[in-house]
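Think of it as A, B, C and D in the order they're written, each chain with its own count starting at 1.
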Amino acid sequence: MAFSDELRELAARVSNWGRWGDDDQLGCGNFLTPESARRGAACVRSGERVSLALPLRADGVQVGQPAGRYNPILTFTSLNERDRFAPGIWEGTDDLVTMSTAAGTHIDCLSHMGYEDQLYGGRSQSGSVRAGTGATWCGAEQLPAVATRGILLDIPAALGVDRLDAGHAVTADQLDAALSATGLIVESGDVMCIRTGDVQWYLEGDRQRYAVGQDWLVTGIGVGCIEWFHRREVAGVFCDTYAYEVMPPESGNWDDLCAVHMIQLRDMGLLQGQNWNFETLAQRCSADGHADFLLVAVPEPIVGATSAPVAPVALR
Amino acid sequence: MAFSDELRELAARVSNWGRWGDDDQLGCGNFLTPESARRGAACVRSGERVSLALPLRADGVQVGQPAGRYNPILTFTSLNERDRFAPGIWEGTDDLVTMSTAAGTHIDCLSHMGYEDQLYGGRSQSGSVRAGTGATWCGAEQLPAVATRGILLDIPAALGVDRLDAGHAVTADQLDAALSATGLIVESGDVMCIRTGDVQWYLEGDRQRYAVGQDWLVTGIGVGCIEWFHRREVAGVFCDTYAYEVMPPESGNWDDLCAVHMIQLRDMGLLQGQNWNFETLAQRCSADGHADFLLVAVPEPIVGATSAPVAPVALR
Amino acid sequence: MAFSDELRELAARVSNWGRWGDDDQLGCGNFLTPESARRGAACVRSGERVSLALPLRADGVQVGQPAGRYNPILTFTSLNERDRFAPGIWEGTDDLVTMSTAAGTHIDCLSHMGYEDQLYGGRSQSGSVRAGTGATWCGAEQLPAVATRGILLDIPAALGVDRLDAGHAVTADQLDAALSATGLIVESGDVMCIRTGDVQWYLEGDRQRYAVGQDWLVTGIGVGCIEWFHRREVAGVFCDTYAYEVMPPESGNWDDLCAVHMIQLRDMGLLQGQNWNFETLAQRCSADGHADFLLVAVPEPIVGATSAPVAPVALR
Amino acid sequence: MAFSDELRELAARVSNWGRWGDDDQLGCGNFLTPESARRGAACVRSGERVSLALPLRADGVQVGQPAGRYNPILTFTSLNERDRFAPGIWEGTDDLVTMSTAAGTHIDCLSHMGYEDQLYGGRSQSGSVRAGTGATWCGAEQLPAVATRGILLDIPAALGVDRLDAGHAVTADQLDAALSATGLIVESGDVMCIRTGDVQWYLEGDRQRYAVGQDWLVTGIGVGCIEWFHRREVAGVFCDTYAYEVMPPESGNWDDLCAVHMIQLRDMGLLQGQNWNFETLAQRCSADGHADFLLVAVPEPIVGATSAPVAPVALR
C-alpha cells in the first residue's frame, strides 16, 4: 500500500495547511472575496440564467456502483389533504426525500476524504467524522456560498471532439488550450467549470456508461491539473463527470486511486464538485464567445454532512 | 365550509391563469427576465455574500406540528472507509439524508396547495399530484432559478420594534412603510424579502415559539398584501417565519385558514418561501443604507416534489 | 374498464363482509382461534425451527419494478461510538433502516388494495387510507398474530417438477393434489403455505426473473383457488413468489389484473403474503413426511401501514 | 476511564467465548434446541396468543434521548393508485418506513456493543462493524429464531408493588423471589421475560418518563443478575424498559455505565431485548397461575444491522 513519492511531493507543494490559520475550514474558499464576487457580477451581460444542476430523480445518476449511494426516494406524508381536524377548503401536499448527499449535482466537503487519518488542516479524520455527530470539522455547513467569476473550460471543444474518450485524463496542457480559447486570464478566486462532455451519456439515457465508464475506463481530471489550479488560486473546480477524476490512475498504479480527491480535498482544501451539467452553458458560451459568467452555487448547509447537494446557476 | 366572497373576489382579481398560456408552470416566475437579472446584478456593490439559509439539522425548525414534517436525519453509508476491495490509502465518507422537502429554508412549489381540486392554471389537483409519480404539474423541477433584484422589507424596523408580536398580520400599509424606508421602487420581477424578526425565536433556541407561535397566534403575511404583490408584478415573496401567513385568519373565520397560501399559489402562481433568515441581511442593509441586492435562490430540482429546499444568497 | 361478471359473482360468493360485524378488521384472521393455535402447537414434533423469511438486504427482491418498492437501505447513526460526553469504556452502534414495508417477506394488510373505492367491510378506500394518517382501517397494527397450524402445499412436488413454469396459474385441482399428498384435511383456521419454487430464482441470483417473471409471464395463484380457500375457512395463504398471483390474468383480459388480490383482500378479508421462502421447509417436510407444523408469523405492527414485514417460522 | 476489577472478573466468569467454537455467532442462542422448543410448545394450554410488541408509531418510545434513535416515519410511494398505465379497476397503496432498528420492541444483536475493540468471540469491533457493510460479525441476520419456553418473572408482583421505582436495580434475589412465585425451575434454553412495569409510563402517555426515567434514575437489570442468567443457561432475557439496565450504575461509578450490556452481549453472548410489553401477559399469567408459555420471537433479518425489530408473541 503506497502513495508514490511523486504524489507526496505534489501534495506537499500544493498544501494550504496553515495558510489561513490553524482553525481554517474554508480552504481555497478563502479565495472567494468581495473582489471575486464583483468580478463575477461584472460578467452578467444579457442576464441569462443557465442552470447547471441535474434534476434529482429516482432514476438519477446512481446505479449502485459504488454501493451506498442512493438516488432520491420521494415519498409523501400528506397528499392533497388537510389535517383531519383543520378547517377550511385548502388541500396540501407534504413530501419527504431520502437521498445520498452526493446523489446528484453536489460539492464535496473537505471532510469527504483523507488519508493517513488526516483531513484538511491536519485534523484527525477518525476523530472529526463520526456517525453520531457527523463531521465536526469541515461539514457541509462550513462550505462557503460560491458567488464568483466562473470560467468554462471546454476540453472537448479545445480538442475538436464532441466528448472525451473513456479513460481520458485531462492534462494541464489541455487546460491551457481550453483557457487559451476563452481569451481569459484566471484570477485568484475564480472557479473552473471543466467540461468533458461525459454527462451526455447520462442525458442520453446510458446511466451505466456515465457512472462507471467503459470497461472500467473513467474520464476525468488528471493529477497534472492539480498544480495548475493551485498556482492560479482557483477557489473551486467543478466537473460534468460522475467520478471527478480519471480512473484507473494515470500512473497505472492502483494504489494511487483517488489521488486527485485526496490531494485537492486534504492537502489543498479545494472546492470540488461532480455531476454538474455544462451542456447548455457550453452552447451559450460558444454562441456569444463569452466563457465567463457569475457562478452562484450555495451548498445545502446540512450540518455534519460530508457532501452537499447544490443547484448551481450561471448568470451571463 | 366556506371561502368568503371577499376572498373569492380577491382570488379572481389576482389570478394569473392563462396569462402565460395554458401550459405555463412558472406563474410569477415569468417575471424573472434577463432584465430583472441584470437589475439584480447591478446591485452588487461591495461583493459581500450574505447567506439567507438556516442550517439543516436534526434539531431544526420542525417540532412535530404540523405532523408529517421532519427535520433532516443524517446517516452514514460509509465512514472513513474504502470499499473493502479497493486499493490505495484513501478513506472516505458517504452520507444519506432523510428530510421533508419543507424541513428548513424552502420554496413552495405551485403544486403544494390548492382548493376545490384545482392547482395553478386550473389543473386538477388530485389528477396532478399522486404518490406514485409525485407532482406531474408544477413539481420542484419546474421552479425557476431565482436570480433577480431582491428588496428587503424590514417591517419591524419600519414599525420601530425589534420583532413583530405574536399574531401580527403584515398589511399593505406596512409594506408601503417599509418600502418607503428603502427609497426604492418595486419593478416587475423583483422579489420581496419580508422580515418579521420571527426567526429570532428559533435562533435564540425557542423552537416551539417559532414554529407554532404563542397561544396559537402566529405572525405572518396578511391577505391585504396579496394584491400589493400582484400589482407590482413581484416574482416571489420570501419570509422569515415558519407558517408564512398570519394565523388565525384575520377575518376571524377559521374557514379562511391558509387563504394567503391558496390564493398566492393557486390563483396567482407566486413563488413563496419560508424559514428564510434575514437577520444578518437586515444588519448589513441598515448599516450601509442599501436594501436592494442580487438575490440568487435555486431550488433543488427534486422531480415531483411539492416543496424544494433552497440555500439563498444575497449579493450586495 | 371492467371486472368480469364471473369475477364479480365469485367476489360475492366469497365475501365475508359483515360476517364478524361491521367493525371487523380481522377478516379471515377471525378463524385464528385458541383451538387452531392448539392444533398448531400439537404439530411440534422434533422441535425444529425453520425460518421462512428472506434476509432483508440492499440487493433484495426489489428490482425497481413495480416502481416505488425499495429494498432496505441500512445506514448508521452511531458506529462503535459512545456519546461524546458519556463515561465508560463501552462502544456501541445504532442503525436506521429505510425500506418498503413490502420490501421482503411480508403480509398484505387488508388496506393494501381495493376497488370501486371500497376496502374490506365496505369502508371507503379513499377515506380510510390517507398519507397523513396512514390507513385508519385495517392498518398493519390490526393484523393478528398468526400462530396456528400451517400446511405446506408443494405444488411442483405434486406435479413432479422442480419448480413451476413462468406464467403457471395454480389451480384448485392442483391444491387438491398437493393436499392429498400430505394426507391432511384442512380445518378452519389453518394457513396454507403454497410452494411454487419460484423463490429459487432469487436464491440462485436471478433477481429479475424472480420479480418480473419471463417475458411478462408470472407464476402464481389463480382465481380458481379463491373459493377453495374460502370453503375451507383458511385464515391465510402465503406464497414463495414476488407477485402472489398469476399474470397476465388467466382470462386473458388485462382488465382482470390483480383479481386475486382484490377479491381476497377486499371481499374475503384473507391474510396473504409474499416472498416467503419454503425451500428448506419443503425439504424437511419431504424428509419426514409431515407437511403440517406450527406456523408463527407476527407482522411488525407499524401503525397505519398497508403491508407489514414479517419473519415467519415453522416449528415442526 | 475504567471498568472495575469486580466487573472484569464477572465478565471472565460468564464468558462464553470459544464455548461453541471460534466461529460461533449465536452465543446463548445455542441453548435454543429442539428440546427447548418442545418444552415451550408443551406450555400451550388454552391456545391464547398474547402479543408482546409495542405498536410502531411516529410518537413511539423514542424521544430524542439518546440522539440518533428515531421513531418510525411512515410515508407513501403510492396511495390508492394504479400504475398510470396499468389496466383494471384495482387501486393499491405502497408505503415505506424509515426507523431505527432499535426504534421499538427489539432484540440487540451481539454486534450492538462491545469494549476494548472486541465483540463476542473476541472479534475486532472496529473491523467487524463498518458503515459500508454493516456488521459482518453477529449482524441481525445471524440472530436465531427464538421459539422456546418463556417464563415471566414479575418483579413488582413479587415485591408487592405495581411497578418498580425510578432507579430500581433488579437483583438476583428478586429474580429468585419472582421465580419462586411461579413454581417453575429454569432449564437450559428457557428465556426470561423480566417485568418491571416501567412500560406503563409509556402506555399512559408519559414518553419522557419511560425513556429517560426520573431525574436520570432509570429502572432496570442490575449486574447481579448476569451470573444468575449464566448459571441457568438461559438463551435470552427481555425487558419492558427502554434502557434495559439500571442507570446510574449501581457501583455509583459512571465509568461502569452499560456494564450489563457489555458483559451480556460481548462476553456472554446473551440475547437481550427492550421495549417489550408484558402488561397483558402478566394479567393472564396471574389469572390462571401459569407463568410459562411458548415464546416465539423472530428478529427481522436485516443483513448487517446491530439491532433487530421483533414482534414477539406468547402462546399460552
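In the analysis below, contacts are C-beta pairs under 8 Å (C-beta built on N, C-alpha and C of every residue); 3 or more make two chains touch, one makes a residue touch a chain.
Owing to the predicted nature of the structure, the values given are computational and were not obtained by experimental measurement.
When the C-beta pairs in contact are tallied for A-D and for B-D, the bigger tally goes to B-D.
Here subunit C and subunit D face each other with the same set of residues for the most part; over half of the interface numbers are shared between them. Subunit B and subunit D have Cα centroids separated by 46 Å.
For this pair, subunit C with subunit D, the centres built from the Cα atoms lie 27 Å apart. Residue positions 58, 67-68, 70, 73, 75-79, 83, 94, 96, 98, 130-132 of subunit B each touch two or more of the other chains. Looking at the complex, you find that subunit C touches subunit A at residues 58, 67, 70, 73, 76-79, 81, 83-84, 94, 98, 130-133.
Of all residues in subunit A, those touching subunit D in their complex are 67-68, 73, 75-77, 79, 96, 98, 131-132. Chain contact summary for the complex, subunit C toward subunit D: residues 1-3, 32-38, 41, 44, 46-49, 51, 53-58, 66-70, 72, 74-80, 83, 86-102, 111-117, 125-126, 129-131, 134-135, 141, 144-145, 147, 254-258, 261-262, 294, 296, 298-307, 309-313, 315.
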